[in-house]
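What follows is a set of structures for review.
Common to both upcoming complexes is subunit A, partnered first by subunit B, then by subunit C.
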Partner chain A sequence: MERDKLRKVFKRIPAAAFALVFLLITCSFISKHFWTGENLSNLGLQGTVLVILALAQTMVILVEGIDLSSGPLVSFVGVVIAVLLHKNFSLPMVILCAVFLGTLCGSVNGVLIARLKMPPFVATFGNMGVFTGLALVITQGSSIPGFGEAFRYIASGYVWGFPFMVLILIFIILFTYVLLYHTTFGTYVFGIGGNQEAVHLIGVNDIFFKSAVYGVAGSYAGVAALIMTSRMNAAHPLVGFGLEFEAIASVIVGGCSWTLANGNPWGTLVGAATIVVLKNGLNVLGVPPPVQVAGVGAFLILAVIYDTIKKKY
Partner chain B sequence: MAERSSDETILEFREVSKDFPGVRALDKVHFDLKKGEVHALVGENGAGKSTLIKILAGVYPPTDGEIYYQGQKVTIRNPKGGLDLGVSVIYQEMNLVPYISVAKNIFLGREPKRRWLPFLIDYPRLHENAREILKSINADIDTRVNAVDLGVAQGQLVEMAKAFSVKASILVMDEPTATLTQKEIEQLFRSIREFQKKGVGIIYISHRLEEILQIADRVTVLRDGKVMATMNIREVKSLDDVIKLMVGRSITAYFSRQFLGEKGNVALEVKHLSRDPLLKDINLHVRSGEIVGLAGLVGAGRTELARALFGIDRFDEGEVHILGKKVSMTPSKSVGLGVGFIPEDRKKEGLALILPVKENVIVASLRKIFPRGLINPQKTSKVVSEYIKALRVATPSIMRLVRYLSGGNQQKVVVAKWLCTQAKIFIFDEPTRGVDVGAKAEIHQLMNEMVKQGAAILMISSELPEILHMSDRVYVMHEGRIVKELPREEASQESVLRYAMGGRS
Partner chain C sequence: MWVRQYMALVMRLGAMIVIVILLGLARPEFLTMNNFINVLRQSSLIFLLASGLTVVVLSEGIDLSVGQVLALSACIMGWLLKSESMAVAILAGLVIGAACGLANGVLIAYLGLPAFVVTYGMMWITQGFALLFMKAEIIYGFPKAFRFFGATNLMGIPVPVIFMFILGGILYLMLNYTNFGRYVYNVGANYEAARFSGVPIRKIQIMAYTLCGFLAAFAGIFYISRINAVEAGIGDPLLLPCLAAITIGGTSLYGGEGGVGGTILGAIIMSLIINGMNLLSIDSYWHQFVIGAIVIISVWVDQFRTAKFQVA
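Up next is the complex of A and B:
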């Protein structure tokens, strides 16, 4: 009985958790600078955008979906932010527009998938192209630099000694937790993923809620775009390239199964942290960025192999 | 038990009929349910029980007839309409959300909210209410556990709690005890009695007749979509009365088989095969030159056995012998050993509908006929044409897409596929499901010819007349076991059905 319990607990721990511990130990050996405040805050900065997108991706994967367009959506919203800033829109207005545009684009994905029953892969794959294209059209392929002090504060400001960005991150994490576990909406998210028929049979508008999940995911992309654009102090039409890959990878190595709707934000957090630390470690070792991408991919596959084997025992 | 029910009728079906293309699933059915009674619904596979339930739940509209709820005529348009009337159906497959707690499942969509922040779930109250409901139906389940970690019995109790929490006035249970242990069944019955006390009318579908005597107040027997009788349970003297009403389906246009005196060697033998929890210690054998029928009710494990035999699903214990040799099966090996599997769902598992007849027939033999991997089209056409002619498949050419063929001809294409591999042992799962009467006789004739030429056939069928007409011997399955082997002379509709329902001689 005791052993069974132990096994159960062990089974709940995703591969990423072990990997994270391993990486943290390794990194402290290979780099003296790893545990310095500077490097850690650097990690936080790098991780914020990823964590936000990964949490959005978690909700989407919970409803048996996938969002390939979240990276390009960050680029697109970022470009629009730049245009609005240069047209002298007020900061609150810009923030509102960014979140709204993200929600709108996400909802388009949602309607295509939930209402028109398109496979999530196809719908978001198409929009991946659409968003990238729109960003390129608006900027004509180059980047839009140079924003005011106030906007740069989002990513570089400090509140009571904390980076403002990290406060946003903490807020988003709490928001996701409350949304998933303390609201009816969250219950429906688990319900639609686990057994859509059951949700439908109790008279809930399952199609509306499924689309809404993509809308919420889009709003997260809007927030990520604000942070990204502020940090770079420029909008580039390809800045979000590959972000969706890392976001999806975070969810999977965080232990969420593709079809079971068993994911949770904590697993995703661990997954995202692992990927950030892994990249940081590879960086320290002088591994060039393209090889780092391969490293993340290989890690993803190893983690899934581990989870598959684990299931048998 | 009968004393508990009052005379107040909550539900009444009057002359309800339901037509599906080519079949009349329900024929002028009268059915009524009283407050606080358990009304059992019994009948063979395909007698119309599920159709009746689905009409009540709003899944199908009736073709004809009227439904009255507490004296009022009603139309149930969709599942929501059924729910609004207070109909809760507990289907055989579970309708719980796996990765949320028991409490959340019970109150899905109706969670109690915090007083000051009305968009947040009030967890203490949620769990308290859930505990209360579970207690009121006598179920001892931790409300914080995720549904995925529940056993079948507990899951069912949670579904009942769900029904209880929506204040259902009619509870439908479809084969609730199919996978429960005796102790769990007793627990379930205790919960059912709690529902009765509250005045809920319960429609109880079960194949286990003993159970019905124990829990039901009345029983209605369906056969071929018609109500044969509705009886008070006290009037039922013995199970045989009920069984007699269930059997006797009209027998039309069955091909009469020629039975051969002598049979060949044992072609297929299964020893002590088990697969937890579906198959338990299966022993059977099929000789070449004979058709062995495998009878049983839906869910008895027949298809699971066929799949395990062919190597599609693994099994935990036991041995399969082909032509006297012990083998470990995978579909690839099975084909090599000369075993063919004609699946229940030919469109999904037996055919590539969008490909022509030619490809469908040759596909399983490609390795044998063209071992080098290069296909010779002329040779393919020649081989396929031979089989198409021999089996009299009605198709204008071998290039015709299979999806345009009739059900019977599609089935023949599946058989041709296996004959083409030179298979000698055939597993037919529902060989004539969904084919018309004429094609049925032709398929039976084909099977007859196959055994004459020394094939061994194991035939699963839910149609008792088919089993009785075609089989040299009959194995009867019940809840994952072979409970009886009947030689042809002793197999009758009554005897097979009695064993299939778990009865003893």
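Up next is the complex of A and C:
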């Protein structure tokens, strides 16, 4: 009886929690600069975009899908943001357009997957090319630099000592939590992931909600694009390449089982934090960025192995 | 079931003919022998990489790491070409490719990890290794003997094209007339039924992935031989066209349907379209967009045709 209880608790802790603690300890030993305000603030910056995309990816994976196009979508929306800013659109308008465009593109994914029943991998993979292509066409391969003070505030401004970005992040996290656990939409998300047919038989328009999930994921990408473009003070058509990988890795490392659709945003947060700390630690060790990504890849595979073993026991 | 298979091929053949006719009418220079040979050469490069992937996809698997495996093995090959004999370099590259494929296969078949995630992670890992190995340098200038593979013609036909047909033929025979090939189709068509029939699924999967890695390295020979250089990033733009060639060619991503013939056709059709875009002076930045759109369209068309729906 006691052992079963212990087992239950153990199963609920994502692998990432242990990894995170381990990494934090290791990093503290590796570099005495790790716990400085500067480094922590760095971590916060790196993590913001990742967490937003990872939360979006969590919802998509919860409905048994995947979104390979969120990175390029960030690039695409970023490029559009840049164009709109240079055409002197007002800031609120730009923000609205960014989110709207993200939602629109996400919904394209959603329609292809939910309505036309395409495999999510193919649909989002194809759209990855589509969004990248569109971004490239608009910018002709180069970047669009230089925005005004107001826009840059998004990523560099401080409110009461906190970076504004982090406040946005906290808002998004809370928003996701409320969306998933306190709305009908959220219930349907978990339902569709668990048994789409059952949701359909209840009379809910499962196809609509499934596409809506991708649309919401797209809107998150729009927000991420705003932050990214603001932070870099430029928009480049290939800036988003590879972002979706770390987002997906965060979700899986965070314990959302690939096949069981049993994820939750908290696991993803732990997963994302683990990945950010991992990359930061590797960075401190002088590991070049592409190898850092390889490290994340290896970590991802380890996480999946752990996940598989956990399922069997 | 094979009627459906042929139906797919016939449709693709028809599409190809229509494209050729339309492009020929729009731009007469399209119809020159030189241009056709260019198109064939482009498609052969794509096909060589996509060939192994076709086998994997037929067994209901996926290997997203093919592009980077090609890059890694090509980088090592290129480096060795500078100091060792061609035979050693090529052998080393092929071994590396096979090893990567084997790693994928073991993780997927024996540990039962989802293929998508494993090969996705492997993609980034191999890319990291390639970048680490190359340290952002470019290796160029390969021996003349090596350049035979990518840069010479035999009787007017580029060598890669010849290999495309040879490899295509071998794979076709293997897939349709050997036990291994039949098993690949079985596993792809119905995993459970194959298991109950005693098909050695794990062995088949491992062999398929190893073959895929091996062929990726093999394709790398032609790539770097053609451009006479290698750098860590050569694999980056390759995955999308490869996947496109496979889906355009009618091979179902759910496994069990399609074949190498389809992939050859898919590669040719894609090269025709890119060639056409170039001739029509369409901005090259549209390429990615078009290829992505075509992947989506061809999968869509296939779903109409076979009424295959994703069950909840």
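Things to note:
Rule of thumb we're sticking to: the second predicted complex is superposed on the first by the 313 of 313 C-alpha atoms of A that agree within 3 Å, B and C clash if a C-alpha of one lies under 4 Å from a C-alpha of the other, contacts with A are read in each partner's own complex, and residues count from 1 in each chain.
Keep in mind that, in the parts below, a contact is a pair of C-beta atoms (placed from the backbone, for glycine too) under 8 Å apart; a residue touches a chain by one contact, two chains touch by 3 or more.
This one's a predicted model, so the numbers in the text were calculated from it and none came from an experiment.
Once the two complexes are overlaid on the shared chain, A:190 sits against subunit B while remaining clear of subunit C.
Of the two partner chains placed by the overlay, only subunit C lies in contact with A:134; subunit B stays clear of it. Using the contact criterion defined above for the overlaid structures, shared-chain residue A:182 touches subunit B, although it does not reach subunit C. Once the two complexes are overlaid on the shared chain, A:285 sits clear of subunit B and of subunit C alike.
With both structures placed on the common chain, the touch criterion links A:298 to subunit C but leaves subunit B unconnected. Judged by the touch definition given at the top, the superposed model places A:121 against subunit C, while subunit B stays out of reach. With both structures placed on the common chain, the touch criterion links A:204 to subunit B but leaves subunit C unconnected. Once the two structures are overlaid, the count of subunit A residues touched is higher for C than for its counterpart among subunit B and subunit C. By the touch criterion defined above, A:21 reaches neither subunit B nor subunit C. Counting contacts as defined above, subunit A residues 195, 197, 200 meet subunit B in one complex and subunit C in the other. The part of subunit A that touches subunit B in the complex is made up of residues 178, 181-184, 187-188, 190-191, 193-195, 197-204, 260-262.
Residue ranges of subunit B in contact with subunit A, taken from their complex: 79-80, 83-84, 95-100, 104, 108-109, 111, 119-121, 123, 148. Residues 66, 112, 116-119, 121-123, 125-134, 136-137, 140-141, 192, 195-197, 200, 206, 242, 245, 248-249, 252, 258-259, 288, 290-298, 300-301, 304-305, 308 of subunit A touch subunit C in their complex.
Remark: subunit C residues 62, 107, 111-114, 116-118, 120-129, 131-132, 232, 240, 243, 247, 253-254, 283, 285-296, 299-300, 303, 309-312 touch subunit A in the complex.
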